[in-house]
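Listed after this line are the structures, all set down as C-alpha cells.
In the two complexes below, chain A is the common chain; its partner is chain B in one and chain C in the other.
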Partner chain A sequence: MSKKQNVKEKTQSLTRRQLLKGSAAGAATLAIPVGTADASVWQAFFQKHFNELDKDEMARVIERLEKEYKKDYGVDFNIETSDAKPDVLFGYGLDLSRCIGCRRCVYGCVRENNQSRDPQNHWIQVLRFKKGETWVHDLEGSEKYYEPETVPEEGYFYMPVQCQQCENPPCVRACPVRATWKEPDGIVVVDYNWCIGCRFCMAACPYGARHFNWSKPQIAKEEINPDTHYLGNRPRFKGVVEKCTFCIQRVRRDPGTYPACVEVCPVGARKFGNLLDPKSEIRYCIDNKRVFRLKEDLHTSPKFYYFFAT
Partner chain B sequence: MPAYPIRNFFIALKEITRGNKYYFMWVGFLLTCITIGLIAYAGQLKDGLIVTNMRDQVSWGYYISNFTFMVGVAAAAVLLVVPAYIYNFKPIKEIVLFGELMAVSAITMCILFVMVDVGRVERLWHLLPVIGILNFPASMLTWDIIVLNGYFMINLCVSLYVLYKMAHGTVYNEKFIKPLIILSIPWAVSIHTVTAFLFIGMSSRPFWNAGILAPRFLASAFCSGPALMLIVFQIVRKVSKIDIDNKAIFKIGELVAYAMGINLFLFGAEFYKEFYSATSHAAHMEYLYFGLHEHTTLVPYMWTAFAFNLTAFFLFLLPKTRENFITLNLACVLIITGVYIEKGMGLTIPGFVPGVLGEIYEYFPTITERLVSLGVIATGGLVYTLLVKLAIPIYTGELRFQTKDSPTKPV
Partner chain C sequence: MKKITLFSLLFLVITSFLLSLNSNVHGEDPIPKFVVPPPPFSEDIFPCSDCHEDMEADPTRRELEEHTEIAEGFDHAKEQRWCLDCHNPDDRDKLRLVNGNLISFDESYMLCGQCHGTIFRDWKAGVHGKRTGEWDGKKLYRLCVHCHNPHQPRFKPMPPMPPPDKPKLIQQNKWKEDEIPRNPLGNIQ
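Now for the complex of A and B:
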C-alpha cells in the first residue's frame, strides 16, 4: 500500500471514529426507551471494519462476540486476532495422482471451520472426471454429486477445488466495501461483521470458492469448534459470504499446525507450507514435480498447485 | 417563518390526494401490491435469502435481473433530452419533463432492487462515504452506486426546479438548468456503461466477459424506456388537458426502431461469434437458446423475446404501423416484454450457467422473489404516478403555488 493511501486512511478513520462516537451516543439514547434492546445490538451495528479497530476496540469486540457465541452455542469460545507472521507466504499442493475422492477433506473442513450443517456449506468441492475425457479446460464434464459405494472408482479420477488464495484475487477487487482482502501471508479473508452480502465476490470468483449463508447457519452445540480466529472459523451470520482461509486459526499458531484438510487426508495427497522457505515441502513439490494451476489463463495467479507425483 | 411554503406543501398534498375513481383505483392497486411485497420481504428478512431460489451456483437472480432492466428504463429521459435540447425539436421539448420523472422513479426501483438483494441490509451504511468504506475505484459496484445516485440527483433537480418555477408562474432560467441537462446526456450513457462494466469486468464468467455487452446495454435501454414513455404519453393526453403532439410520439417511435435495429445487429454478431467458433464458452449461449444437457428453462423465454423484439422492430420502423396507434401500442408492449426478458433473466442467469466449475443449476424465481419484485415495481409506479399527478396541473396552469405576496387566505 502506498504512503499516500495510508495517510488518507488514517484521516478518514479519525473522522469516522468521531462521527461514530456521536452516532453511537445518539443510538444509545434511542435504545434506552426501547428497554428490551440490548446494548450489544447497537455495538454490533456500529462495529467498525476489522482493520480500523484499535487495541481497546478490538478487545471489546472480541469480548462481545465471545459472549454472543456462548449464548448461541453454550460453549466458551476463544477468538484469536493474530497477525500474519513475517516472511511467510502460504502455498498449497494437491497430488491428483493420489486423491481417491473420499471427501474426508470436505467434512474435516466442515467440522474444523464451523460450516453450517443445515443447509450444508462446503468450502471444498471434489470434482469427479471420467478418465480419457476432456477435463481441466472443460469442467462441464465434471460430476460433483457422485455417490458410489466405495472410492476410488474404476475409470475415474478426482480433483478437489477450494479457495486458490490467488495473488491477484478478483473477489477482493469486486467487494464494494473492502470486507474481503488479502493478508500479508497471502490468505484471502472476510470480515463477517463488515460484509453486506451483495455477493459480487461470488460472481467474480473463477473457482466457486466463495459461499453464502443463505439462512442462519445451523451447527449442533456438541459439534462446535470453539478454537477460532476472527478472520477464519468463528461462527458466521446469516447473509454473509465465507470461504476457505487455509485454516488461518491453525496455520498462524506458534508453532503452526497444518490445515484440517491436509491433516485428515488418508493418502497424503495434500501438501502445505511456506512458499518463501526454500526448504519447505511445498517448494520441493513445485521445484521437482510437474505442477499446474487452475485457470492460469485468467492471471489470478493462485497459490494452489496441482501436480502428479509420479 | 413565513407560512407560504407550508401552505404550498398542503396545496401539493391536496393535489395528489384527490382525483377521480380511476386514479384512486390505480393508487389503491399499487398500494396493495406494495403491501404484498412488504409482507413477502418481511419473510425474507426473517429467514434469509434461502426463501429465494438463488444458491451458491447462481448467486444473483431475479432481483439483479430487474435491476439491470430498470437501469435501462432510466434512459427514457435522455432519448427525449437529446431531440429536445440538442436539436430543439419543439414537440418533444414540451414533454421532456415526463421522461425525467420516469428516470427518477426507475432509479428508485434500481436502488430498491439492490436493497432487497443484499444479505445484510442494515449494513448498507458501510457504503456511505466518510462513515463507511467505499472500495473506490477498484470495485465496479462502487462506480455504479455513484453514477446511479448522480443520475437520480440530476434528474430530480432539473424536474423539481422546472416544476417549482412553473408552479410560481415564472419561467425557468435556462442558463441554470441547461448545463445540468447537457450533463445528463453523457451521464445517462455512463449508467449503462458502468452497469455493463460491472458484468463485463468478471473474467470468471465468459458470457459477460465480452465488450459487446456495453453497446448492447445502451441499444436495448433506448428501446424499453422510451416505449414505456409512449404509453404514458397517451394516458397523460387522455386524462389531462395536456396536448401531446402526435409528431413527438411518432418521432420517439422512430428512434426506438433505430435502437432496436442496432440491438438486433449486435445480438446477431454475438450469436455468430459464439456458434461459429463454437468454443467451450459457447455453452452459456447454448444454454440460453437451445438448452444444455436437457436443461431448457430459459429457452422458450429467449425465443419469445427474440420474436417480440424482431416484430416490434418492424412495427416501429414502418411509418404505416408506427403511425397507427393500435400497432404502435402493440409494438410498445412487445418491445418492453422482449427487452425485459433479454436484459433481465436472459442476461443475469446464463452468466452462472454452467457455473465456474461446470455445474448446471437451473434457476427460476420463487413466489417470494416475484412478490418482492412486484412490490418494488409498484413502489416505482406509485412514485411516478404521484409525481405526474402533481406535475400535470402545474403544467396546465391549474395549480399555482403561493408566494409571500399572496393574500393569506386559508387553502
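Now for the complex of A and C:
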C-alpha cells in the first residue's frame, strides 16, 4: 500500500487526530502538568501519523525520538525509516522436523528487538506437543513452560509461534485508530507513537502474537540494541502494543540481513526470503516440501509456513 | 583475419572441452564452491600431515593409539565403513570421494553429499542446515560437520534456554497452576 493510499483511507475513518480534537482533547490536555511539560512532550502528543509525515517532519520526529531515547536509556540510537523494497513480499518457513525447542530464537529476538526484560515480553512462544496428538487444530493441548535438562526430549516435538504476518490480518482491521497496518513487503507494523493501547488487536489476533507493555520496558544499558527502525525495534512506551516484524530493521537494509531468529537457530530450522523470487529458499520450501499454515480455516492467509522436511 | 577466427574457434573448442572435464569431476551438475566458516577442527590437529607425512597409511580396522576417542566412538554406518573410506591415505590433509577425487576440508559437504543426496540438495538450497548473512545478497553456509560430528553424526542434545516467566498471579501463588485457562496462544499475562 502506498503512503498516499494509506492517507486517503485514513481520512475516511475516525482518526486519532479527530478523536483528540473532539471529546478526548480536553481531558488529555489536563493530564499534562503545565509547569513540567517541555516542548517535546507537546510535539510527541501532536505528532502526525507516520504515513502522513513529509520528509522534514519525519527528520524532526526522528531527531526528537533519538534525543528522548538517549535521555531514557543513556545510549545513542539510530532510527531508520526505510521503505519496503520493490518487488518483495516476505515469507517465512519453519521446519518442525528439525526444531529441538531450545528457545535460542526467543532470546535472540528479545535481544535484537529490545523487548522488555522485566516485565518480560517474548515475541516468540515455543510450544511443546506430545508426538501423535491431534494438534494443529488444538494448540491448547501444548506446554510452553517445559524445562528438561536437554532438548529434544523423546516423544515430543516443538512448534515456535510468532506473528504470522497475515495477508489478511484481523488485527489491522480491529485497530480503531490505524496505528497498525500491513506494509507493501507484507510486514504488519505498529506505530508506537500512534497506538492508544486499547488492545483490540490483541483480542483479534488468533495466534497470540501481539504483546502489551504493561509498564515502561526495562532493558539494561549494555543490552540495548541501538540500531533500530521506527516501525520495528526502537524501544516501546508504556501502554502500547508490540509484535514481531520479521526484524524490519535488518531485512530492509541494502542488502538485507536475515532476521535474528534465523541467524541464531542452531539447527537451521528457520527459513526466510522473498516469496516473489522463485530462487529463494522460502519458495524452495513451498515448492518441494509439504507446507501448512496455522488455523488456515480462519482465512487470515499467513505468510509463515510450517513444514516437515522429512 | 582468417587466422584469428580459426584461433578463437580452436580456443572455444578447447575451453569447452576443459569445462566439460571440470563438470565431470562432480557428476552432471558442477557444484559451485560455497562460502563456509573454517572447518571446526580441534586445536593443533591440522595440518594432519605434521604427523602423517612420514607415516604408512593403515587401512585395517583396529584399535588406534592416536585419535582413540574417534575410533572408539565411531558410529556412522560403522559395519560398512572405516577411516580411509573418507580420509585420503596418501595426503591426510585431504578427503577422498568414492570416485577417487580429492577435496579439501572446507568442501566436506561433497563427501557427505555422496550418500545423503536429498539432504545435500536441500542444503544447497539453504533449506537443510543453515545459511546466514544477507537474504538478498551474500550468504554464509555451514558445513555438515559444523552440526554433525562425521564420526558420530547424530545431532547432540543441548540444554534449553529458560522458559518464559509464568503469569504474575501464579508467581504470587494467587492462582493454582491448574486453574489458569489452558490457552498458551492467548496471551495470558
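Note that the second predicted complex is superposed on the first by the 274 of 310 C-alpha atoms of A that agree within 3 Å, B and C clash if a C-alpha of one lies under 4 Å from a C-alpha of the other, contacts with A are read in each partner's own complex, and residues count from 1 in each chain.
The rule we apply is simple: a contact is a pair of C-beta atoms (placed from the backbone, for glycine too) under 8 Å apart; a residue touches a chain by one contact, two chains touch by 3 or more.
From a predicted model like this one, the values you see are computed outputs, not experimental measurements.
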> Does chain B (first) or chain C (second) touch A:Phe200, or do both, or does neither?
Replying inline: first
Point to revise | chain B versus chain C as contact partner of A:Gln125, first or second or both or neither | key: both
Report for A:Glu140: first if it touches chain B alone, second if chain C alone, otherwise both or neither.
both
- request: Check whether A:Pro148 is in contact with chain B, with chain C, with both or with neither, and answer first, second, both or neither.
  value: second
Partner chain(s) touched by A:Gly208 [first = chain B, second = chain C, both, neither]: both
Chain A positions within both the chain B interface and the chain C interface are 119, 125, 127, 139-142, 144, 161, 202, 206-208, 210-212, 214
The chain A residues in contact with chain B across the complex are 12, 15-16, 19-20, 23, 45, 49, 119, 125, 127, 137-142, 144, 161, 170, 173-179, 194-200, 202-208, 210-216, 237-241, 298-299
Per the touch rule, the chain C residues reaching chain A in their complex are 122, 125-138, 142, 147, 155, 157-166, 168, 182-187, 189
Listed in rising order, chain B residues that touch chain A in their complex are 47-50, 52, 54-57, 59-60, 114, 117-120, 122-124, 126-127, 130-135, 138-142, 145, 198, 201-205, 280, 283, 351-352, 354-360
The residues of chain A that touch chain C in their complex are 85, 88, 93, 95, 100-104, 106-107, 119-120, 122, 125, 127, 139-152, 161, 202, 206-208, 210-212, 214, 251, 255-258, 262-263, 265-268, 271-274, 280-281, 284-285, 288-289, 309
